[in-house]
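Following are the structures in question.
Heads up, the next two complexes both have subunit A, just with different partners, subunit B and then subunit C.
And now, the complex of A and B:
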């Protein structure tokens, strides 16, 4: 098996995204290390190395929080979609910031250990049987390893090489990594002297990330249930296995209606130029939700990274070669019906002309 | 039907959205604080002498 190497295609948006990202990280570290000492306990002055260790550690934690909020925010409100565009660079930078934090920890706490500092890191505390005093460093190491693996495999080459399902499953390791980081902080930094600000930040992060994912999941579930109810209400219109999508007026022009098809992947039904076409809702690039995108210059455009497909045959415009499954549609009155059996990816399906129904 | 990764995603976050705040607040509740009447300097008994 061989996979063609596709170089990173830089554009203005990526430069801008990365510039804002870098400026944010540099600004945060600068503020933390320059303003932080004014708020410290004068009876327990903090060494410069410890201050930088905390600056990079808290920065990595906040970056991870933002990364995990982007997904559900984009699902709940399209205005957050631009944040999703270059999220992988965000992740790679987070791994780098976390690595600097780990380097300060090793240099400060274990550099003068009689044993090798890496051995000392893992063997200085082995009280795994207790909650308080648990070797929280291990949780940080586990999270850092996951961040490294995700950063190393973030390039599209690995997406092509591993295939979207495996790549996606691998990158869902970010969720346990976040849990490890929260416990690493709770059992480590938050067990020290009282720090109401950082404690509040960690608690807010956990509630925000968990709450947003839960809300996005509920919204998706509600959409699925609505589909099922609508199907049962108009059961009389179903013919030979076709399923009811919606009324043609419910779809905005150049937008799609996403349909939950029992036993199959989701399907996006597109309305454009007085016609209707149905394609798989999953982008061939990263399984992005195509139905949440729109038609730009006559091509369906994925909201995540801008991959495009022709609505009639699900093929990317030349010279690109991606293709996705197409579906047959029928219009009865103003009701759109869908054949849930997918056509082979790239198969041309004659669009349904809306005519006076629209 | 959702794709497999969306199903897994929903399951993971249904658990994490409840378990993670619970774990965090449990650890914070267990946190040990120093007694308010502690001496300003930690006094340890000289070696070889009994502690009263």
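And now, the complex of A and C:
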């Protein structure tokens, strides 16, 4: 949360995050280029440029794999949420590592020729009509361009300028980028001499990313399926468009229950101080899952980056200016019902007092 | 999801909850160690690129004739009465030496350069060519000897990178580079999985003995099978590939 833009709003946790990240990447490159060669079974050493391009390329692939695992991991186990906090730095560093890989490729395979290296990159292999021998470099270029766009627009300025939904949609391009990278590797490096280790690493990475997303999706679907024992009054309200959320006893204090609203965004129903309030589940910052957060010091706190909102009106505490939609609630017996029509962001809605129902 | 409720809640700008410190510490160690192990595993299992390399410590300087067959080759009678030799030639970088070969055809020359050697394949990266006076007629170059028609399976590479200018200098990752080299005038070679007259590499020409055209572009770096006539030119084998018979095996 901020009221002005700065390149990076540093804090101790970000320093720690980046230190671990850099240690991992620097260690990887050092071990790959300086220690691994001692154990290679080769007649003569592999060219240094080739070794470095392989080191940076494989590092970028693994980094991208880890980035894509963070989201579902954090949904499945909240202890992984800190990994998500500074994921943008992870992404920017991945783009930089991938760019170094591309630079080595340009400076080696496409250099020393009468043809300009950038022209050569696009013109030397044009076998687009075949799978084997396909110009896999093009797939790498596409992935790199996406990574550059995502890195360049990762700052909160672009988030504010584009708006959270568009920004998030733009950053979902990370998935096509990963697909391009996997194809880039599958049609390039994996078509070389048999390399069971790299093949296994790539296959395991793809399975891990796919498996975690599948598991997180299943967990979310299971949480959505709530069946209430409806009374006649509740049934009448449902027919009037209200949605049954859950029994009031199901929500712990200072926590939320997330409910899917057909045709609308998800809504988080919060329980606090003997009251209930409903707000959009999407944080105004990066559309993070607010309902997986907590109420801290009376404010709903997003699990991703700690953005806060007042439960009654969906506004960030002054001097911050973020605001999200609010919703009307009703309590019938112990059943919570939601009016799925959102109020304008920042609109005050009187909280429902739980009273004896709790 | 209810088990998630009791887990500590992390807020980025607040101190890390005590219950999370150990978990995150273990994760950080696993992250760094895991990447390190992956680096060692991937780096130490690289495929052997072979023994090809520039022979910087053994500069080449011999006298003979430059010919176009159809790529520039340098033919010598062999040092001190040895067997005659034919060397494939390359220029600096990804350039051939067609101009120098044309300018000096039919006259004796001394070629200086750096050998690029892989096994019994030697290509010379030409540094300089000087004509030798009063040497005409001193060389009696043999004509190519036909070795019959062969069906060969293997890979089309550029002669320079395969010889050792790059390690590795073959394979699909190297396809675009091979294309640039051949387009720049470096002779293509066919690297066969089985030997012909004890050799596994061949200077490639088309079926009529002319320079290869764009028909090899899509086949570069793939495992292919091609029929054609094989000729011996001193110690160099030439494969006159009939590209109509070419097919990709894998």
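Rule of thumb we're sticking to: the second predicted complex is superposed on the first by the 329 of 358 C-alpha atoms of A that agree within 3 Å, B and C clash if a C-alpha of one lies under 4 Å from a C-alpha of the other, contacts with A are read in each partner's own complex, and residues count from 1 in each chain.
The criterion applied here is as follows: contacts are C-beta pairs under 8 Å (C-beta built on N, C-alpha and C of every residue); 3 or more make two chains touch, one makes a residue touch a chain.
Just so it is clear, the structure is predicted and the values come from calculations on it, not from any experiment.
Legend: residue contacts after superposition of the two complexes on their common chain; A:253 is shown touching neither subunit B nor subunit C. Once the two complexes are laid over each other on the shared chain, residue contacts for A:287 go to subunit B alone; subunit C is not touched. Once the two structures are overlaid, the count of subunit A residues touched is higher for C than for its counterpart among subunit B and subunit C. With both structures placed on the common chain, the touch criterion links A:341 to neither subunit B nor subunit C. Residue contacts after overlaying the shared chain place A:191 against subunit B and subunit C alike. Within the superposed three-chain model, A:132 lies in touch with subunit B and with subunit C [touch as defined at top].
By the touch criterion defined above, A:172 reaches subunit B but does not reach subunit C. By the touch criterion defined above, A:321 lies against neither subunit B nor subunit C after alignment on the C-alpha atoms of chain A. In the superposition on chain A, A:213 makes contact with subunit B only, while subunit C stays out of contact range. When the two complexes are superposed on chain A, the residues of subunit A that touch both subunit B and subunit C are 132, 187, 191.
By the touch criterion stated above, subunit C contacts subunit A in their complex at residues 1, 4-5, 7-16, 20, 23-24, 27-28, 31-32, 35-36, 38-53, 92-95, 164, 166-168, 171-177, 179-181, 183-184, 217-222, 248, 250.
Touching subunit B in their complex are the following residues of subunit A: 131-132, 165, 168-169, 172, 175, 178-179, 182-183, 186-187, 190-191, 194, 199, 202-203, 206-207, 209-211, 213-214, 217, 220-221, 224, 260-266, 282, 287. Note for the complex: subunit A touches subunit C at residues 11-14, 20, 23-25, 27-33, 35-37, 39-47, 50-51, 54-55, 58-59, 62, 66, 77-83, 85-86, 108-115, 120-121, 124-127, 129-130, 132-133, 135-137, 187-189, 191-193, 195-198, 201, 219, 222-223, 252, 255, 292-294, 296, 301, 303, 305-306.
Every residue of subunit B that touches subunit A in the complex is listed here, in rising order: 1-6, 8-10, 12-14, 16-18, 20-21, 23-25, 27-28, 30-33.
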